[in-house]
Amino acid sequence: MSELKKNTAEVQGEKEAAKKQAVGSSEKSNATMLEVRELSIQFGGLRAVDGLNLKIKKHQLYGLIGPNGAGKTTVFNMLTGVYKPTTGAIFLDGVNITGKSPVEINKSGIARTFQNIRLFKEMSVLDNVKVGMQNSTKYTTIEGILRLPRYFKEEKLMTERAVELLKVFELNGEKNALSANLPYGKQRKLEIARALATNPKLLLLDEPAAGMNPNETEELMNTIRFVRDKFDMTILLIEHDMKLVSGICEELTVLNFGQELAQGETSAVLNDPKVITAYLGD
Amino acid sequence: MSFISNLLNGISLGSIYALIALGYTMVYGIAKMLNFAHGDIIMVGGYAAFITMTANWCPLWLSMVITVTVCTVLGVVIEKVAYKPLRSSPPLAVLITAIGVSYLLQNIALLTQTANPKTFTSIAAGAPPFLQVFSGKGAVFFQTNPYTEEGLKPSLTISMETFLAIVVSVAIMVALTLFINKTKAGRAMMACSEDRGAAQLMGINVNGTISLTFAIGSALAAVAAVLMCSAYPQISPYTGSMPGIKAFVAAVFGGIGSIPGAMIGGVLLGVIEILSKFYISSQLSDAIVFMVLIVVLIVRPTGIMGKKISEKV
Amino acid sequence: MKKTTKNNLITFGGTLILCVVLGILMQAGKLNSMTMGLMVTIGIYIIASTSLNLTVGVLGELSLGHAGFMCIGAFSSATVSQILINNAGAPNWLAFTLAILFGALMAAIFGFLIGIPVMRLRGDYLAIVTLGFGEILKSLFNNIYITSDKNGLHFGFTNPPKNIDTATKLEILRGPKGTSAPDLTNFWVVAAVLLICLIILMTFIDSKSGRACMAVRDNYIAAQSVGINVTKFRLMAFTLSAAIAGAAGALYMHSLANMLPKKFDYNMSILILVYVVLGGLGSLRGSIIATIVLYAIPGLLRGINQEIVNYRMLIYAIILICLMLWKNAPVFINMREKIKAKFKNKKNEAADLTSGGAEA
């Protein structure tokens, strides 16, 4: 196991240990990581998402697809607490997280990236990742101001962990650059690195391949698989790029007009005549 | 009687605030920025009126025309030079620029007009009061005191300035409402404040509309300047800043971006200010005005008539 | 060494050296009293501008009520120092130390209480509300009267307290007529407080809390998504900024013979803001340099040419606008990038030539 994992375990303490135990006991079993029951949200007269059910197993790579305006990002926003669902319930690893704030939801183990990249633009690449480790760091503000030993110890640990993460995404060479100055593809990767820095159980990726050329997409697919295996991560992603979806997703849910159109194994779903009609029209 | 007189003075001051608040609210609605220099445009208008009115060659009507023109041109120029290049910049940069413009106008005035306040001659100077009520004799309109010989003093006086402020403001608000609802340019303004991008796609000249908004807002500020300097006959380089800020409070009170909101907010704020000055403490009246703002923002951040805006994720 | 650490050491070291050099000159009697007075005031304004930079530069919110927090620090510290010295007979140094701490503490308490509603807002609204609070705080001290006599302390609001024993009467706060605190502020005290405040600001900014504030500034939705409690860190930075402003106000109060509440008005807040913006948002070193340059130069020029001094505010305003346009307007950003690219090309060409030569 890499140094990264070791450090993670040290910093993360109980949460990480508990997670490992859970993984260990159910070793890639059929345990559910995320369960969504009858999730709906209403904006004025519009029912943007209507009665969505989802069940994502641990260690799974799950895809959420659908035409533009189908309500995919709205689902993400409900899962991460940005929007409060009108009805329905969300369970993460058996815990009900419905209606919690984005901060609480991140603490309970969901991290995400954004469709329109949201980095901390005026901060360095390294600091972007370190911000993600905020909650796994124990030193207090006073300890930081007085520069007590714990500050130095934990800052050093954070930097090491952040560098390890950056190495995974081949961003270590630019760690001192301003994140706004990174090329587009690397900004997307940095967002994933920042999300992983929060030690999530479930990673949500909102159109990770948007704006990438075929080579970059290919590379991204490898990275996503690598992340899943290396961090034992469960990943839910929204994507329009069918090559990526069919290449890495094990199961899919197709949304159309806020409702589930099809659900199941990737190849079966993609050959479903209903899905083809929704995408291509009659 | 003193309550009625205070109430009317409050409404009068409030209608001046409303005129200024309209400028804030229209600009905020369309350009999505707080034009901090709006208050100082009032100050410039005050000086323009003061200088032209004290010049021998200039009749009152021409002086008003010049004042409105100066403010309108100034507003448009400020928009073109300082704000337009920053239209897609972070709000902090725009806000600091606006503060810079406000600072600039104040300091130009300080250098050219000195810090000493000048006495402004009311546009209604020499005219009789609008209304005088004599106990036992009834009310008298537009007359000098007819009972001077009997030594009778009015128990209630409404000055011409107070009356003018209310009448002019109401007339302007009616005209503005008609303009916005009935003309093509007015509808373009509404479209721009809803969604600037979509308005542009519909063929609306967005830059022109924003300029027009600044022009109207500044022209209203000019009118407000004349009314305010007539009611409170003094002018200094700092004359505009406090009424400007209070008018912004009024705009927030009424719901920023909403035109009827600015009118209601302005009048309410004027009444609150005058009444608290009279019944609570003249030292604390400004503090009370700001307390209103804070309470509004805590209880109902969108103001009386405002809409909720949230960022899209 | 980390870039931030190095930067901080340069800023802190530079300030320290400047303080020591000026102190030696002063002890050697090389500075006249006017220059010494100027140094004290500049030091106080540096404390104020660096602390405002925490709110504006690091937190990314425009506070227009900074003078209000200085006002609290000033008048609450004056109350404490006068009571301790006159009524409790405490030695000056102790009274002054406690007074500065009390001023900072009161400013922090008010900063926190004001921050609770204010930090729910953003942008223009936040700016105007801080302005409003600044004005409220100013009017508050315009209306507070504290008088002591042999029977203890007497408070008055909007009017001076009545039934005071005239023989032992001591007016501590006199509402709009101002307050005369003992003259305790000198160069060394200001230098010490300035250096302490700098350390606090630097270590705060270069810690996880400072990073959290910057993350909130850059993108609060993303900050929430990585588990940062936005309100908590905004409130923390705002309170710290207020506390340091309070200390600056305490020093200011004890440096003047009589201080009126109306001195801490909107214009003072704007002046401090000008130092912060012209020095560079987020750069403590910038705030220090800008404050020194913008405050000292007019003072020094006064001897040469009065006309220039009159134009200083006008020039600040123009620089402020031009700086914002230069940094943020797309037209100028493109222009800057083109110039940069040109330089780069030239450099590359030169590099190509030399490397090409070496290969050949």
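When the chains are written out, they are named A, B and C in that same order, and each has its own residue count from 1.
Just so it is clear, a residue touches a chain if its C-beta (ideal position, glycine included) is under 8 Å from a C-beta of that chain, and two chains touch if they have at least 3 such contacts.
It should be emphasised that the depicted structure is a prediction, and the values quoted were computed from it without experimental measurement.
**Student:** What chain pair has the highest count of contacting C-beta pairs?
**Tutor:** So the chains sharing the most C-beta contacts are B-C.
**Student:** By CA centroids, point me to the most central chain in this structure.
**Tutor:** Smallest centre-to-centre distance to the global C-alpha mean: chain C.
**Student:** Farthest chain from chain B, going by the mean of C-alpha atoms per chain?
**Tutor:** A
**Student:** Quick one: chain A and chain B, Cα centre-to-centre, how many Å?
**Tutor:** 51
**Student:** How far is the middle of chain B from the middle of chain C, if each middle is the mean of its Cα atoms, in Å?
**Tutor:** 33
**Student:** For chain A and chain C, what's the span in angstrom between their mean Cα positions?
**Tutor:** 41
**Student:** By residue number and range, which residues of chain B touch two or more other chains?
**Tutor:** 313, in rising order.
**Student:** Any chance you could list the residues of chain C touching two or more other chains?
**Tutor:** Expected reply: 221.
**Student:** Listing for chain A: what residues touch at least two other chains?
**Tutor:** Residues 82, 114 of chain A touch two or more partner chains.
**Student:** Using the touch definition up top, name the residues of chain C that touch chain A in the complex.
**Tutor:** Listed in rising order, the residues are 3, 200, 203-204, 207-212, 214-215, 217-219, 221-230, 236, 282.
**Student:** Looking at the complex, which residues from chain C come into contact with chain B?
**Tutor:** Those residues of chain C that touch chain B are 56, 60-62, 117, 120-121, 123-125, 127-129, 131-133, 135-136, 139-140, 142-143, 158, 176, 221, 266, 270, 273-274, 277, 281, 310-311, 313-314, 316-318, 320-321, 324-325, 327-332.
**Student:** Any idea which chain B residues touch chain C in the complex?
**Tutor:** 28, 33-34, 82, 85-86, 88-93, 95-97, 99-101, 103-104, 107-108, 110-111, 241, 245, 248-249, 252, 281, 283-284, 286-287, 290-291, 293-294, 297-298, 301, 311, 313
**Student:** In the complex, go through chain A and note every residue touching chain C.
**Tutor:** That would be residues 80, 82, 101-103, 106-107, 111-112, 114, 118-123, 127, 130-132, 134-135, 137, 139, 141, 144-147, 151, 155, 158, 176, 194-195, 197-198 of chain A.
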